[in-house]
Every structure is written in structure tokens, then in C-alpha cells.
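Here come two complexes built around chain A, the first alongside chain B, the second alongside chain C.
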Partner chain A sequence: MSEVSVRSLTIEYQTSAGWLPAVADAWLDLRPGEITGLVGESGSGKSTLALALLNAVPAPGRIAAGTVELAGVGDVTRLTGKQLRKVRGGALGYVFQASQNSLNPLKTIGRQLLDLGRSHEVADLRALIARAKDLADRMGLDGDRVLDSYQHQLSGGMRQRVGIVFALVLNAKVLILDEPTTALDMLSQASVLDIVRKVHDENQLSTLIITHDIGAVSEIADRLAVMYGGRIVEDGPLLDVLRRPSHPYTRALIGATARIAGDVDAARALPGRPPDLTTVARVGCVFRDRCGFAVETCATVEPVLAAWEDGGRRRACHVEPSTVLSGASGTPAAVGEPA
Partner chain B sequence: MIQARGITRTYQTHGAFTGAHAVPALRGVDFTLPDGGAVSFIGESGCGKTTLGKILTGLETFDGGELVVDGVELSGLSARARAKYFRRIQMIHQDPYSALNPTRTVEATLGDPLRMRAKEIGGDPGKWRERAAELLTLVGLEPAAVLPKYPHQLSGGQRQRVVIARALTVDPEVLIADEAVSMIDVSMRLGILSLLRDLRTRLGISLVFITHDVATARYVGDGGELHVIYRGEVVERGLTDDVILTPVHPYTQCLLSAVPIMRGLEEPGPDRMAPIRALDERTATPGCLFEPRCPFATQECALTHPTLVPLGGDGAGVGSAAVDVGDLGDGAHVHACLHPAARRVVGVEIGAASA
Partner chain C sequence: MTGFGRRLAGKLAMGLVMVWAVATFTFFLVRALPGNPGDVQYENYILMGMSPGQAQARVNAVYGFTSHEPLPRQYGGYLWQLAQGNLGQSTSYSGVPVAHIIGSALPWTVIPVLSGLIVSFLIGVAAGVVAAVKRSSRWGGLLSLSGSVVAGVPTFVVALLLLLVFHTEWHLLPFGGTSDYEAGWNAPYVGSVIEHAVLPVCTYALLSYGGWLLAMKSSVISVLGDDFILAAELRGITPVTRARYIGRNAILPLFTVLALSFGLMFGGSIFIENTFDYPGLGSLLLKAIGTRDYTLMSGAFLLITVAVIAANILADLCYTLIDPRVRR
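Presenting the complex of A and B:
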């Protein structure tokens, strides 16, 4: 039973060239007790997809099709007004990208917490504060000190943790983190990841982590979904996907990560550049221009995300999984980036 | 060749009510950058690594120590005389989105410094177009397509390549890359890193690579020295692979432990660890700067300030060390820890020889 089920979700943005899909036909499930990592580069549509879970896609974007079913609430994309506000921050906890910059600089953390309580009509604000302190303490923060602090008095890692406190203080069952470690250095990143895993386990949450950093997410996620050009191109259990990437993009992305173990020279850069809304292919596979495995069909028919193996793996690729796994055509070693 | 000896930089700050106090950003950093070599600096935010990059490019002053470029000590020179030396050292900034003037095309961005450079070396200023095309090709861009474009028409990776091409217009001998790939898309990152590596081998440009990401330092700093900075002080130094594979300072070990493990492909090192508390600058540290956060600190660590000593001696030297580590030559593995111990903290590739 999924906590959140995203079904054939399509999100479009209005541009001078008409309505273009930023996310096309996305299917995703967030299950209790499971951390899902959603990996993609800038422009892949991962943040747009996450905002759609809150039904908060900013104009000029719109949810063109599909549903986001939230257990016990219903389709979030149909909610409006007060009902929607209750769900945001209530059942769905969201930690925004650069949440370290999203706090009000003029109010202490405690006052902002009270604002949150009032806007959600929490009857017992004292209990809310106590719960926030408890959460903060469990994340290795000094609860009292943090609530009395202004945001500038906290470090980046601490603000990120405050973001998580805000997301969870109303007993959200779903936690969405957008780029939680991007602006942090290695040590803070490690401790934030550690804390996310801990609060996730303690509260049996359904957690979604959106990131461009496949390394950071592989440290803590249970499932991995890879997005490219607005499509989920591969998903499945994390260990399995990392060991046996079945989509050429996943394979290339793992291969292009500078790593601390193994052969330095084994890393290979991807040729080309990631597409954006206006340059993404309208017909055929969105990755074919950069793909070392592309065949004729890729130019004309868009592959659909389909199950291909037991164990809940899905891929959207015309090339046989065995071909990609064996790496017969290999990833091109080109370093140049065509203009 | 750049030699830095005991570079210090202290910022004087004035709080509205707290009065003046000094914030040491660098506490005596030594390093040698041979021609065509590479030196990497790693450390967490606020450790002084960016200040060091700015000092090396002349964007920031230093208040102690000496900086010697090609045998000339710079602090003795007038600003005008110094400029000549600093021109050989160019910086690649972290953010390619703000490093380029948005109102100028790539052509204009590269044209001015190229014409200036041509006058300087007595070349033909009319030839700058060919040179611009040559440089763009070198950094992996298609000149005809890129030259008429404005920065906003380029991707992050392309912009960073333009920034690198611009740095190359004045024929520098040294490039300083301060977190040069942290704002670049992941699939483009390795391309920029291998370009930097390539410039080292093809043009003999030396590289100072400043980052918090150990894995990228390993990629570009191959064969060079790696310096680990903590609160303005180098706590461990050695050949990049030596420091990464056999770190002996607990701070280095914490940093390396923090590198995410690609589960499924790598296994965490058996001795993986984390600092026991967050950095609090207000805690006085008369002894080792890392002592309050160190999992292995002893009473001695709180009292005695360790200085860099070669690995293999018995604990770090105190006060005036018997050996001047600066004379040890390149690649010696040195550390500033009273109780050095090798620990296996780095992830291990699964399937690699498990010996």
C-alpha cells in the first residue's frame, strides 16, 4: 500500500512555443518505511514533479493530466483552498531546496514555528513547541537554543535540520526533501543524510529525496528513480539499479561520477548536454542524442516505462537490457561538449 | 613555480557591542607548486581555502609569510610590479553564472584580453579572432556556434568552459580552480575536470584545486600534493593518493568518511567515523585545533599544539620542531597529530582485491 501514488502525471509550462511538458507521464509510488531517491540533472523536471506532489506547480506551469493520490486524503491535484493548505505541511512535509535560505530572517525559529501552528489551527501550541524541541534534540540540535535563534545564527547544516523539524512537526507521514545537501560541505552533508535516515526510520515515513547527486542519495535510499528530460527513465531497488543499471543514461551517470575508490581513469564524461524544456526531443527517446546504444527506433518511437524484471524494476528503453548491462557499445569517451 | 611560506591572514572584525576581535583565516600555510604540477586543498566551509585562492591571485592581501613566484618575493614589490606576476595566475570561479558579464557576447569577453595580450607580447592584435577560436576549440567548444552568444544562451558547463577559455587568453602558467565544478550539472562535471587535467598535460599549466569534494580532488590532483586545511592550518599533507588511502590525521579521516558510499558498488571503510561535535569557534583551543571534535583526543591534545612532522616519527612535534617540513621535498607525507594512526575510512570498491 503506497502512501503516495503518482499516476500518469504530466506537467506543462507555457512558453513562447506553446505548452511544453516538463514532466511527461510520470508514475511513482512512495511506500511507508522506504526512502526513494529521485535523481536527475537541472532541467530534468525533478523539482517540478516534487512540487506537483503539493499541487504547488508555480505559474506558468500547470498539471495537465494525471493524479497524485495521497493515502487518507485523496487526489491532491483536485484539492483547493483551505483543504490544500491543510495537506501542505500537514500530511506532506516538504523541505525546500535551499531551505537554509527560506527561513524568515526577521523572526526567531520559535516564532516561525508558532506561525506554522496557527495557520494549521493547532489547538495546543505548547505541545507543538514541545514536539519541535523533541525533534530538534533527536537531530543533534539544542532545541531551546535553536528556537530562540534567528536564521543567521545557525549554520547551513543546522538550518537544513530546522527545515526538517518544520516539515515533520505536524506529524507528516510523507517527507519530501528537495536537494537537501546541495549547499553543504562534506561533513554537514554526511550528518544531514544520517539524520534523514534516522527520522525516517523512527517515524516510519515515506520519504522522497530529490537530488542531482547520485552518490549522496545512494548512501541512504532504498529505491532509486532516474529522471531525464522530464521522463522517469529507470527505477527500482537502489542496490540493484546501481549494480546493474539497465538504462544507458543511468549507466553513463554512474560512470561519470568521480569516485574515491577504484580506478580514477575509469570515469567517463557524458557527451552533449542535458536538454531543457525547449530543446528536449518531441518524438522518440529523449536521451538518444547522447546515447551510445541508440538504434533506429529511438528516433521515432518514445519508449515507455515498463517492468522488465522481477523485483520491481522498470525501464524506458528500446535497447535490450542485456545489451546495456554488458555495455557492448560502451559509453563514448568524448570530452567535448557540442555547442 | 610558486612557493608559499607561512602565509597568514587574520581578519579584524568589530561587533556592535562585542568590540574588536581577530578571526584567523589562515595560520601559516606552506606549499610548493612546481611548474606543470598540481596542488589540491580540501577542507570544510570556512576553513580558509577560498582566502588562500584569493591571496594567490592577488585579490586578497596576506599579513604574514612570503609568496615567491619564480624566485621573486612578491610582498616586497610595488602593486604595479606585482601585477605582472599575478597575471600569470588566473582564477576559475565557482559560479559560472555570475563570472561572465551578461551583456557581453563570448566574442567580446574573449576579445579584449586577447587584444591586450597581443599588444603586451608584441603579437598582431588583428589575429585575436583566430586565437579566440583556437582557445574555444581547446576547451571543447565549437567556436562558430559559441562566439556570437551571450552567457544566458549557454549551459552551465559551456559557461564554465568559456570562463576557462577567458583565463587562458593571457597565457597563464597557473590556474586556480575554486570549487570549479560544484555548480555544474553532474553529467558535465567530469568533462570540466578532465579538461583541467588535459590543460595540465597539454599546456603544462599548473593547477591549484580548491574543493570540499575529495573525489574530484583525487581526479584532477593525480600525482600532485593534497593539503588538508582545518581552520586555516594544514593538518595533513602528502601525495594525493597517499593521503586518501592512508590518512593519519583524525580530521582527514572524518572528511574522507563523509564521502558518500555508492552502495552496491562500494563498501564503507571499517573505521568510518565522524567528528564528535560540530565546530564551535568560541571554544578556546590552545592545543590541537581539532581537539574538541576529535574522537581520539587525549589530555595532551588539549594542551599542546602539534605542528607538521613527517609520518613515521613518534607523534607530532611541539613548538619549534626539529625538522623543517618545508625542506622535506615534494610528496613527503606529513601530519600535525600527536597520536597519528592509519585508519581505513575510505569506501572500498566491491570486487576489488579484498586483501
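Presenting the complex of A and C:
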């Protein structure tokens, strides 16, 4: 049973050219005890999708269609006012990128925890603070010291962990992390990822990690979903997807990742540029301009995300999986830059 | 709090140095003005019909205590007296201590300036928040426009307009002086003082309202875009708490401006008190310039300087109390 079920979710942004989809027909499940990594380039719609899980798509965006079912609550996209406010922070914990200042600079961490508790009408604030300290201690922070600190007194890695404390202190069952390792040095990255894995396991959370860093996510995720041009183009169990990418974009993305052991030149960049709201293809496959496997159908029919094999793999591509897996058409993007 | 003490001591030392620098500057500046008190009075006597000889004798009698020592010596004496808190003696008020004259004019400037500043700060900041939150609606736009327009109108125009409407046309408010009654703690006197102060206070308030509105509006807009506000929303913080987060963060930069404008308002008092014939420090300074009363001028300038510096030190210290990032 999924904790969060996203069903045919479409999010549109108002532009001078009218309402354009930033996320189109997304299907995604977050299950208890499972970490899902959502990877994609900047502008692929992954952060928009994550904000939609909290029904917090910023203006001028809107959820145009679809549902986000949260276990025990219902469709989050229909919630408003106080109900919505209670779900945010209460059932769904959202953690900002470390480089972002996600805390009020004028108040100590402890006082902001009290604000959080009062906002959610927590009866026993003492217990809340005790739980926050406990969470902080378990993440390798000095709970007492951190709660007496201001944001500017904490390092990036510490802020990231404090962000997780805020997300989980009200016993949220769903943890959403937006670029948790961006702007951190390699050591802090590793320790934040370890901590995420640890609190995830201890609390049997349903965790979603949004990142452009396929290397970071592959260290801790159980499942991987790949986004391109506002579409989820492939998803499945992490190791299986990494070993046998069945979508040309996933294949190119993995091929573009440099490895520590091995030749840097073995990594090849994907030619062309990712589309944005206004340049993304309206008909056919959004990736076809950069795809080395594109066939005629790709220009006219948009592929839908569908199961293609046992083991929970899904892909949105007209090309036969075996063709992509074998890499018959070789290097991606025989076609030049898109207009 | 030893850090706080050290900070305070440092600020005070800096303040003293600044006061000395300004005192020196004004000492030489006022003496560089063309003419001297004797010349001005001499011409007055001539105009009154005295012969040059009579006028000169009279001037010598009245201004006999005017120093004719070389400037550096005068300067040394001035500093020595100043260090002892003595501002010297006025020439136009025939030997009355400057400190005394200034002391009796001071409240009639400080109270209206402060009231005007506080009124405009409160209204301007509140209007600025509304203008920021409703910036895409018509009312928000109108509010911002009101700020720009009011900020753009020169002081004397505002003052004359208020005088014309509320005194000359509608006979609602009195003009000239601080009160119609003998000074004392009774209802008619206090009421009259308030009546007389309304127009100057309103002028001070209008003078700075637009600035507060526009400054607060841009400050709120920038805080609204800060990550921590979105983060607070995504944590389900109540709208009231969110508003408090925004308000406190947005108002911070305005405190420095508040201190600065306290000093600027002192400068503005020259026009405003002159227009309303209100006997404050501004009127006094104007009179002192007219009669080349060097000591009175130096004293008035020095007081304005000290007020600005003191306000700045106060603002700095307040800043350390409200912004944890400034604390060390």
C-alpha cells in the first residue's frame, strides 16, 4: 500500500503563450520503507512535482489535473486552509536545499520549533522539544546547543540536518528532500545521505529525494524515477534501472556521469539542451530531438509511461526496450540542437 | 554582555571624535560667513538714522565682549569652554548663555519632530506592508503612488498648503507661537499647545511618510521572496506567525533610517518652524544666522550634530539587540 499515490498529475504554468504544462500526466508511488530518487536536469519539473505533493505549487502555477492521495488523509490537491496547513509539516515533511536559508534568521532554532508546535496545536511542547533534541542527537548534532543557536551559527551540513529535524519532529510519515546534497562538500554529502538513510529506516518513512545528481541518489535510493521535459520517462528498482536503462534519456544520463575509477573521457555529455516550458515539444515525444533512437512515431505520438517487464519497471518510449538496452543506434542525438 | 559594553564604549568614543570634528568645522565655518555681528548691528543703527560715529560707539558698547583675539586662540578657548559644557554667550541676546537659549527652544523642536516621526513611521510602515502584500491590486498601486507623490512634494509646499487650508480657509487651527495662554499645567494651556503643534507635526509626518511607505514596501517584498518564508509555509506555520516572521525581518533595515531621519528632521525644522512661526530650534538658528550670532549658531549646529550622532549610536545598539547576526 502506498503512502503517497500520484495519479495523472498535470501542473501548468501561466506564460505569455498561455497555460503550459510543467509536469504532464505524472504517476508516482511512495511506499513505506522505500526511498525513491527523482532525477532530472534543471527545469525538468522535478521540484514542481515535489511541491505539488504538498499542494504548494507557487503562482503562476496550478494543478490542472490529477490527484495526490495521501494515506489516511485523502486527496491533498483538494485540501485548503487549515486542513492543508496541518498536512504540511504534519504528515508531509519537506526539507530544503542546504544552501537555502530555510529558517528565520532572527529566532533561535528552539523558538522556531515552538512556533511549529503551536501552529500544529501540539499540546505537550516540552515533549516536542525533547523529541527534536533526540532527533538532532541521533543525527550527530548536539541537540541542546543547536536549539539555542541561530541559523547563521550553523554550517551547511548542520542546517540540512536541522531541516530534517523540522520535517520529522511532528512524526511525518513522508519525507521529501529537495536537492539534499547540493551545495555541500563531498564529506558532508556522504554524512547527510547516511543520516537520511538512518532516519528513514528508523521511522519506516516514505522518502522522496529530488536531485540532479544521479551518483548521490544511487548511494541510498531503492527506486529511481527519471524526469525529462515534465514527464516521468522511466522508473523502477534503482539497481535494475542503473544496470539496464531502458529509456534513451536514462541511458544518456548514466552515460554522462563520470566515475571516480575509470577514464573521465568515458563520460559523454548529452548533446543539445534540455527544453523549458516554452520550447518543450507539444506533440510527440519530448526527448525525440536529442534521441539517437528516434523513430517516425516519436514525432507524432507521445509515448505513455507503461509497465514493460516484471519487477516494477515502467518506461515511456516507442522504441523497443531491447533496442535501447543493446544500444544498437549507438551514441545519442544524431540530430543537432533543437530549435 | 561584556561585548555589548565594549561596543557601547567604542561607539561613544567614536561619537566624541565626531562631535569634536563637527564642532571644529562649524566654529570656522560660521566665522567664515561674510560680515560680523558688529557690522550687522552697525548697519541697523545707520538705517535707524544714527550718524556713523554714534553707531560705532553704540556697537562698541553692545558688543564690547565680542572677542577680537586671533582665531586660533578663540578656537582654543572655545574648545576649553566646550569641554566644560559651556557653549558661550549669545551676542544677539546680550550676553545670555547660549545653553540657556537653546535649552528653552529645544523642546519646541524635539517634541514636534519626534511626534511627527513616530506618527509617520507607524502609518508609513503599516501602509508599506499593505502596499507590498496587495502590490498587484489597484489599492496597493494607489497606496504606493501616494507614497511617491507625498515624498516628492517639497517641505515648504506641504507646510504652506496645510496653513492655507486649515488656518486661513477653514479657521480650524491656530498659527504662530506655541500657545495662546500663560504656561502652566492646566487644560487650556495644554490644549492650546496641542492645537498649535498639530500643523507642524502633520508637516513633519507628511514629509517622511512616503519614505517609510516605499522603504517598507520594498523591504517586505524582498522578505516575501526569502526561502525561509516559503519553508515556514511548507511546515504549516499559521498565517499570523508567518506575518510576524515577515514583519520583524522587513522592519530591521528601517531602524537605521529612522535614526538618520531624526537628524534630517532637525534640519527640516528650519523651514517648517519658519513657515508656522513656531519658536523652536530652527527659528532660533535662522535668527542667529541673520544677526551673525556666532556662538548661538555654533551651539545650535553642535546640538543638531550631537542629536544625529546620539540617534545613530542608539540605532546601532538597538540593532545589536534585535538582530542576532550583528551580535558578537
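Just so we're on the same page, the second predicted complex is superposed on the first by the 326 of 339 C-alpha atoms of A that agree within 3 Å, B and C clash if a C-alpha of one lies under 4 Å from a C-alpha of the other, contacts with A are read in each partner's own complex, and residues count from 1 in each chain.
The rule is short, and it goes like this: a residue touches a chain if its C-beta (ideal position, glycine included) is under 8 Å from a C-beta of that chain, and two chains touch if they have at least 3 such contacts.
Keep in mind the model is a prediction, meaning the values are calculated, not measured.
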Checklist entry - So, does A:8 touch the first partner chain B, the second partner chain C, both, or neither? => result neither
Next on the checklist: So in the superposed three-chain picture, is A:239 touching just chain B, just chain C, both, or none of them (first/second/both/neither)?
Outcome noted: first
Checklist entry - Is A:218 touching the first partner chain B, the second partner chain C, both, or neither of them? => result first
Checklist entry - Of the partners chain B and chain C, which touch A:119 in the superposed model: first, second, both, neither? => result second
Next on the checklist: Of the two partners chain B and chain C, which one touches more residues belonging to chain A?
Outcome noted: B
Next on the checklist: A:257 in the overlay: touching chain B, chain C, both, or neither? Say first, second, both or neither.
Outcome noted: first
Next on the checklist: On the A-aligned overlay, A:274 touches which partner chain: chain B = first, chain C = second, or both, or neither?
Outcome noted: first
Checklist entry - Who does A:83 touch here: chain B (first), chain C (second), both, or neither? => result neither
Checklist entry - What residues of chain A sit close enough to touch chain C in their complex? => result 51, 54, 56, 58, 85-90, 94, 96, 100-108, 115-116, 118-120, 150, 152, 166-167
Next on the checklist: Show me the residue ranges of chain C that touch chain A in the complex, using the header's touch definition.
Outcome noted: 226-228, 230-238, 241, 245, 248-249, 252, 322-325
Item to check | Interfacial residue positions of chain B with respect to chain A in the complex | outcome: 44-45, 140-142, 145-146, 155-158, 161, 185-191, 193-195, 198, 212-216, 218-219, 222, 244, 254-266, 274-275, 278, 346-349, 352
Next on the checklist: With touch defined as at the start, can you tell me which chain A residues reach chain B in the complex?
Outcome noted: 41-42, 155-158, 185-191, 193-194, 212-216, 218-219, 238-243, 252-254, 256-262, 264, 267-270, 273-274, 335-339
